[in-house]
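Let me begin by presenting the structure, written as structure tokens, before commenting on it.
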């Protein structure tokens, strides 16, 4: 974890957030809050992807499909079994976690580019299956959810939804930052570039891979569950292959191993198309050009801007720190 | 059954052609060129413009766009890739991906999203050999695939440039010590890839219609072919592409066309699990 | 290696600062926004549209927009409605339901439009229906696949099942010995079409010889076409986009396979004609609009006006839909009078029980919010679609 005193940085950031909200919110409208919600939800999944693909080097191109699993599980529980939002969301995240863990199985055997191809195939197949679900999943027409409530408090304004989303978002951020500072997280760094050496030192690389998949799938599922409840409607058109690629784009421009980068990347990928939407056809071209500029001129991603305000980056931890005692 | 096998061969040749472009750029410059799809589509549009606006006969138009392709391919390498050559593989792949988005965006901006009829390349609609019917564009896709493979494979194996490419990919430092100019090798590879892309785009536009999003999943299938083939092998990517095409057609016909994409990919996964080093060995993925 | 001593400080500071953030949020949120009658000023009515302005679906939304824009510009040229000109702003959703909702909120909350006028696509429309109902904003979309009818959302196009049902009946009646196959795009278009198809088949005791789908966005139809051919299909009922169906038709004829192709209103699409050329002859389709080649005064006017405002535009069935939407909205706005409110607009729309929107007949009521009321079957002959039947009321039996 690059920051010398991360808790201080995060604390200051959050206080700033609170003050900013108090000042800005009365002046903005539901549209802004909606986009912010979308960005935060995606950030949760992007943080998971940073852990899996950035830090642990297990490239996954099925993030959007995992979100779909979380979204549809939650949706189906709420719609068909009248489960409340909170339990449904937790179940959705857990179901996704289980499925994501199953993806770890091929990861144990495959090296290099083979793994992304497998995750790609899984993503395509999973979303297709959801689309064939008929009445259960709403098929290709999508599924409407009953209004979400938490212990009777209805989430019917964008502001309430924002409050509900920000909780898991902060938790996911804090948990991931913490996780990467502790021993299991530091072990994941080794998986990316020095797997063979780590194995030679007796590190249980297989176990850590499974952990990385489980952790990131849980976050993706949680993001999906929040997404479903907050929109009130899910359809497979929100979880295409391109959406998975865009999650990858989020962490790539953010700075592959940085949690802050994931958040910045998610905000970027959500907000910029909205800002460019007035330009219609030119928007994709401009977006692509922006990405090129960022990757060409900011080797550390957008997070490097953030980081340069704080202490310089430490090298990944020494390997003997992760070997079993 | 023969009918859909032929179809599979044809689509497989398309993937193989795309994969050939990918293997060239990967072997020489270590870049996963996600922009190969966009480039192919762009070149098809340029050929279209040469044929319709400039009124050139279609084959001349294609020749002209091959020239443009060479120039563009070389330009992309020298402007975007070469300056960033010391960054890691992920970064370069991401550059290619951003380029792909930009190219598609550019094409949509210039030409709009409507489909256009690509000028007829062939006199006949279909070719009938004995009992077999195959549509002419599909037939020529197979022919182009075969011819391109032979040409590229020969060049790679028997010419100095081909040798230089192979060394440059495996060990750039040694290559430079041996007097190989990495920049020349890279430029040549990217120019060749762009030309192969022209063929790919034109053939795909001939089987259907021309529009900016027509490449769609084909790039990814080209990548699947590359991976299955073993990342570095020309013959491997061809074999991989053909295999994917045939498996897809088999799945589509015997099972359901809807599962075409996913079953094709799933079967590729099976191959990878059984034989992780790919069909024709050599290199398991990013930098071994 | 012991526990990190900073960890407890971590958690405490996280919780404390989260509390501060939440309090700030709640303070900020307590300032409410006052809303006047949105979108209506003394001389202007502000309307907002949200649909694909970019992306692969743009080739459908562009003619749609041209149809609507023609009506808007014409009305403004004649002085507007009760002294107010129409101002029509647009947001892009790139056919992503998440962005449709964002765009709708932007239009309603930030831009304060009077009504949402212009949306195309099933999942995209569905994504914003709950929102417009809750915000009580009238929505006029090209299609409205919602049952029962919501209060504020309106649509124009017939549901695909309501088009394929009479089409299939027509095929069964006029070509009783021919074998029927279904070729469909694997999304809501294909799914909804199947409902009408299945109903007609069941009623006559017939079944399909082949049921072949394809993924939206794919270019590879050859194996699907092979399956249709090998099943011996004489008639193929196809649901999908115009380029996809045209490609399949082309690939089929390249293989020497010439069934009778039948489809929904896209059969009238200028795109089909452009892509297939003379090979379009023989294609049959079911449409809720008149053919753009028909000589009715309403259609002639529509063709003239669209050509006037968008010279060179291909007169497409989607532009007819947009044009029809425009005419309906203008009529409803006029009927609502100078003292314009959202509820009055809804009431005026609900009262249009029998209206000629120039290019198609429509009817609305409090329980019927999908305008299309009848269907005609056409066949392309000699480069023009010729009607094969009279108007068939939607849901009714074919005479």
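The letters A, B and C name the chains in turn, as written, and every chain counts its residues from 1.
In this text, a contact is a pair of C-beta atoms (placed from the backbone, for glycine too) under 8 Å apart; a residue touches a chain by one contact, two chains touch by 3 or more.
Given the structure is predicted, the values throughout are model-derived calculations rather than measurements.
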Would you identify the chain whose Cα-based centre sits farthest away from the centre of chain C? B
Most contact pairs found between chains A-C
So, what's the distance in Å between the C-alpha centres of chain C and chain B? 36
CA centroids of chain A and chain B: separation to the nearest Å works out as 32
List, in ascending order, every residue of chain B touching at least 2 other chains. 108, 112, 217, 258, 261
Per-residue overlap in chain C, given as positions that touch at least 2 other chains: 54-55, 58, 186, 215
Quick one: which residues in chain A touch 2 or more of the other chains? 128, 281, 283-284
Sort out for me which residues of chain B touch chain C in the complex. 3-4, 7-8, 10-11, 108, 112-115, 117, 125-126, 133, 135-138, 204, 207-209, 211-214, 216-218, 248-249, 252-253, 256-258, 260-261
Within their complex, chain C touches chain A through residues 1, 4, 6-7, 9-11, 13-14, 16-18, 20-31, 33, 53-55, 58, 91-92, 94-99, 101-103, 105-106, 108-110, 122-124, 126-127, 130, 134, 145, 186-188, 190-192, 215
Going by the contact rule at the top, pick out the chain A residues touching chain B in the complex. 106, 109-114, 117-118, 120-121, 124-125, 128, 241, 245, 249, 252, 256, 281-289, 291-292, 295-296, 299
Give the list of chain B residues in touch with chain A in this complex. 32, 80, 83-84, 87, 90-91, 94-95, 97-106, 108-109, 112, 217, 220, 223-224, 226-227, 231, 258-259, 261-262, 265-266, 268-269, 272-273, 276, 284-286
Quick check on the complex: what are the chain A residues that touch chain C? 5-8, 10-15, 17-26, 29-32, 34-35, 38, 128, 131, 139-142, 144, 156, 158-159, 162-163, 166-167, 170, 174, 178, 181-183, 231-233, 235-238, 273-274, 277-278, 280-281, 283-284, 321, 325
